[in-house]
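I'd like to ask some things about the structure below.
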Amino acid sequence: MKNTHKLLAVAAIGALLLSGCSATSSGPKTITMWSHAAGNDQEIATVKEAIADFNGSQTEYVVKLEEFPQESYNDSIAAAAASKSLPCLIDVDGPIMPNWAWAGYMQPITINSDLENSLIAGAKGYYGGKLYSAGAWDAALGMLARKSVLNDLGIRIPTVDSPWTKTEFDGVLKTIKASGKFDYAIDWGNGWTGEWFPYAYSPVLQSFGGDLIDRAAFDKADGVVNSAASVEFGKWFGSTFANGYANKAQTGDRTEFIGGTIALQYNGNWAVKDAYEKYGDDLAILPPVDFGNGPKIGAASWQFGVSSTCGEVAGANKFIEYILQDKYIVAFANRIGLIPATATAAEQVPNYATGGPFSVFVDFSNKFAVKRPETPAYLLISKVFEKAVADIINGKSAKTALDGAADEIDADLTANNNYK
Amino acid sequence: MHKKKFPIGKIVIYALSAFFCFIFAAPLMFMISSSFKDPQTIFTHVHDWRAYFPVGEVNFDQYVGVLNRLPLFGFLFNSLLVSAVVVIGGLFVNSMAAFAIARLRFRGQNLILVFLIATLIVPFETIAMPLLVLVNSLPTITAADGSLQFTTGWLNSYLVQIAPFVASGFTIFLFVQYFKTLPKELDEAAIIDGAGYWTIYWRIIVPLAGPAFATAAILSFLSIWNAYLWPVMVVQTEALRPVQVGLDYFWGATSEEGTAWGQIMAYSTIITVPIIIVFILFQRAFVASVASSAVKG
Amino acid sequence: MKLQSLVRKNKPHGFFGSSIQSRSKRASLAFIAPAVFLIGLFLVVPVIMAFSLGFTDAKLASPKAPAFVGFDNFSKIISLGQVTVDGDPSNPDVLHDNLRELTRPSSDSQYSGMEVLTETVKADGSADIVLAGDALFWKSLGNTFYFAAAVAPFQGGLALLLALLINAPIKGRVIFRTVYFLPVVTSMVVVSILWIFMYQKDGLANILLSAVIPGWEPQAILTNPDLAMPAIIFMSAWQGVGFHMIIWLSGLQTIPGELYEAARVDGATRLQQFKHVTWPGLRTTFVFVLIIISIQAMGLFTQVNVMTKGGPLDSTRTLVFHAFNEGYEKQNVGYSSAIAVIFFIIVVLVSIIQRRLTRDKD
């Protein structure tokens, strides 16, 4: 029984520890910021640098950072919003922003107009004509290959001005497969899940002439996501798996391109650093394929925004301006390999400066970028499209899958009164 | 089909046992072995025996990587604290309820037991969202400006990770089963000696129910240590996060750095081995109690 | 149901004398109040909230207040229809387009907005089609029953086999028992991650299957719609079997040794001993194990969420996963709650049926 008394004592100490203590004091006002980048050393390091500098640069505000792992960040935001406990500053994935703005999580931001104008389109998020988010970088998609492999197989190396056409690309896949030197011709990245699917594959759909939703009024997916062109995309995309050009059991590690067992890799520019380290100048960064309506890539990545319940709006806006200085944009780009958000910053990043090894991504971004539909419905569209494409990869009829997607999106639009 | 005197039966039993031992241990050996290897080595080894042993280029790099990526000791402390309070609080609350149901007599006690058993069918995932809304509207007291203030909302605290899980229908059921195996003459004798119910519970029943307490402790420890969805929803400060949420830190970096499988295995090992040790320490009592709770009564 | 019979047997444990009884009543209340209060607050209240949300169109995030929609969610979930659609054997698109005319949300037909659940194409190109308001609900329901129906006998049987092995007089029993139990104490998320590796094309599962099944083609098991659910069944049994093994073991140890002695004297073989002594002696345990496993199995979620996200082609989507996916990922909290309510009702029905089936023989 002595033991039980000990247990009681431990419980009592525990109870003391549990009672929260919060002390408010005069002095600088605290602005809490949530970041999705926990566990991602390089990205978070720059955020922390900017915060430390900002806190040191003035005495009115103190920014305090809370880090969340990306995997569960959106869930945390949704739970916090449902319980009205959002912090002042948040970051948000570009295409999701309209939903959060519509749902009332966020409010428009106000930044210096020179800064706003200097940011590339993919680093700014507008909803209802107002700026809601701004970021330090954009991502771009491309096709990675090895010049030596393409030359050996007699395949033309495409350029920004003269990308592969659909017919040409079909031939490329066939040639690579016929060479027998590779397990698969292309790694589409289908081992990843979530937002990657619409980010990576809706541009292919758009290059075929399809889209996710009617962009005129964002009120209809039927006849768009299941249009003849969209179904054509679905059939073709599924056939790359059925024909053995791509692996439907592709894992998320995507080490095969660097390992030399897959010839082409469809990937974002964040992945190009590793490939460049491995292959050096033999690495070819190719533009996406032109399936009839020009090559397309997605635009808009993670950006900073202000929550609707923020009590220190002026300070929050001030911090966003602060972290979007070229100095930090350059630091982000150097560390995480993404496209700098301003032209002046890009010139200071060796990889992205004119003539730099990755500068071609800037061209892709300028010429081919299409934003995912800027509508609150995108949150659902993204999930529905992901499932439709995953089903197509696994052999479901493209027509059935995309008709189902159209119906589900339209039903959601109706249920939400078109998100008006 | 007459039994022969050769020890064939024994050989079969040993062979089967060895086979099952391999099946049950292999994935865990894979985890521990891989925690000493970098991702490339893991993938080179995955298709042969080396996957299950720490051979080849083994080092502690993955563990160092884990420490750099997340505040490991903070997470461990949080999980330990929350688990400890839930376990200890749960042992009291649940065993007291079980004492009343198993050893006392009152109107509606059958109904209460049926009700407790019915709670077992509710998977947490289906009530998490209403529960979030609920805890967010519960009152709380905070110390601010030198005085106590009443506010609402339990989010972002240890309390919100603890309170909903202290009472458990399953644990009460477990105690009920065990308490009923104890001879009722004990209580009767104590009553005649003038003992109150608390004394009977505290001095007679609790000391005799060691195995049931061990089982309840292990099972509730496991369920809290392994909690994931709830902390993601209610804990917003990294300083209060428990261990399972830490696994997300490794997926978060997927798109930028490739999956850090070695670190995932190291982290999995770190959060698994302590409970394996706890289990091994308590397993005798645990087995004894599962035995009595499940069958007798 | 064992749990119920236990309630009935509960009565004799009270005390005697009326004054003691009233004191007992007050004391009982004090003892039971904390648990009942906590369970009431943190479980019953949320369940009631879930029930009421099921009758609304509540969203996780929306500027619009939730509106009462009556039984709309429920009728969508459970509605079914059967229709025969004309087609052309040489062009499958004809069938598809004819069907689409019926189910298109804007169509006037009674099948507007419904989804294909099953499709049986006949020689003339026409097809008998079963339509559902929510085809994924029915697939999830089917998968949930598939999982529960397969995992209960498999896991229960394996647990019994392990218990028999442990119960045999051999050396190293404690070590074996500990090893079999290790997966139980490992978190399901970690276990799921490990089995993703085991189920890879060059992983352990394929190595073993190649050894056992001649001509087995190594493949990525979790991406095969026919194998994904069996794979989850196996790993779930692997994870949970240790716990049920101990329950069986305790059942085995309650069987008096004299019974075996007597059976041996009568010249019974091992098999006969098992049939006539062991199995009858395990009857209560059997009921307990069956009920525990099937209630747990109906709630299948974590493994699916980590390993397959319900795929490939919905082959591993379960009811709890479906509710979770609708509620959190698609943010339709009202609809998701309606699924949860139907789920509760199904589990209660299954428990009652199991109780009926096992009670009379008790």
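Per-chain residue numbering starts at 1, and chain names A, B and C are given in the order in which the chains are listed.
Just so we're on the same page, a contact is a pair of C-beta atoms (placed from the backbone, for glycine too) under 8 Å apart; a residue touches a chain by one contact, two chains touch by 3 or more.
This one's a predicted model, so the numbers in the text were calculated from it and none came from an experiment.
S.K.: Which chain pair shares more contacting C-beta pairs: A-C, or B-C?
M.R.: B-C
S.K.: Which one of the chains is farthest from subunit C, going by Cα centres?
M.R.: A
S.K.: Determine the centre-to-centre distance between subunit A and subunit C, using the mean Cα coordinates as centres, and give it in whole Å.
M.R.: Computed value for the inter-centroid distance: 36 Å.
S.K.: Averaging only over C-alpha atoms, locate the centres of subunit B and subunit C and give their separation in whole Å.
M.R.: 20
S.K.: By the touch rule stated above, which residues of subunit C touch at least two different other chains?
M.R.: 60, 200, 328
S.K.: Which residue numbers or ranges of subunit A touch two or more of the other chains?
M.R.: Each of 75, 82 in subunit A touches at least two other chains.
S.K.: Specify, in ascending order, the residues of subunit B that touch 2 or more different other chains.
M.R.: 129, 133
S.K.: Can you list the residues on subunit C that touch subunit B in the complex?
M.R.: 3-4, 6-15, 20-21, 23-25, 27-29, 31-32, 34-39, 41-47, 49-50, 53, 60, 161-162, 165, 168, 170, 172, 175-191, 193-195, 197-198, 200, 202-204, 207, 238, 242-243, 246-247, 249-251, 253-254, 269-271, 284-285, 288, 295, 298-299, 301, 320, 323-324, 327-328, 333, 336-337, 340, 343-344, 347-348, 351
S.K.: Across the complex, what residues on subunit A touch subunit B?
M.R.: Residues of subunit A touching subunit B: 1, 4, 7, 10-11, 14-15, 17-24, 34, 36-43, 66-73, 75-76, 79-80, 82-85, 87, 192, 196, 252-255, 268, 270-271, 274, 336-337.
S.K.: Can you name the residues of subunit C that touch subunit A in the complex?
M.R.: 57, 59-64, 92-93, 96, 100, 103-106, 113, 115-116, 200-201, 219-220, 222-223, 225, 309, 311-314, 328-331
S.K.: Across the complex, what residues on subunit B touch subunit C?
M.R.: Residues in contact with subunit C: 1-3, 9-10, 13-14, 16-17, 20-21, 23-28, 30-31, 46-47, 51, 92-94, 96-97, 99-107, 109-110, 112-114, 116-123, 125-127, 129-131, 133-134, 163-169, 172-173, 176-177, 180, 184, 187-188, 191, 196-198, 201, 218, 222, 225-226, 228, 244, 247, 264, 268, 271-272, 275-276, 278-280, 283, 286-287, 290-292, 294-297.
S.K.: For subunit A, which residues are in contact with subunit C within the complex?
M.R.: 75, 78, 81-82, 99-100, 102-105, 193, 222, 248-249, 251, 379-380, 383, 390-391, 394-397, 399-400, 403-404, 407, 410-412, 414-417
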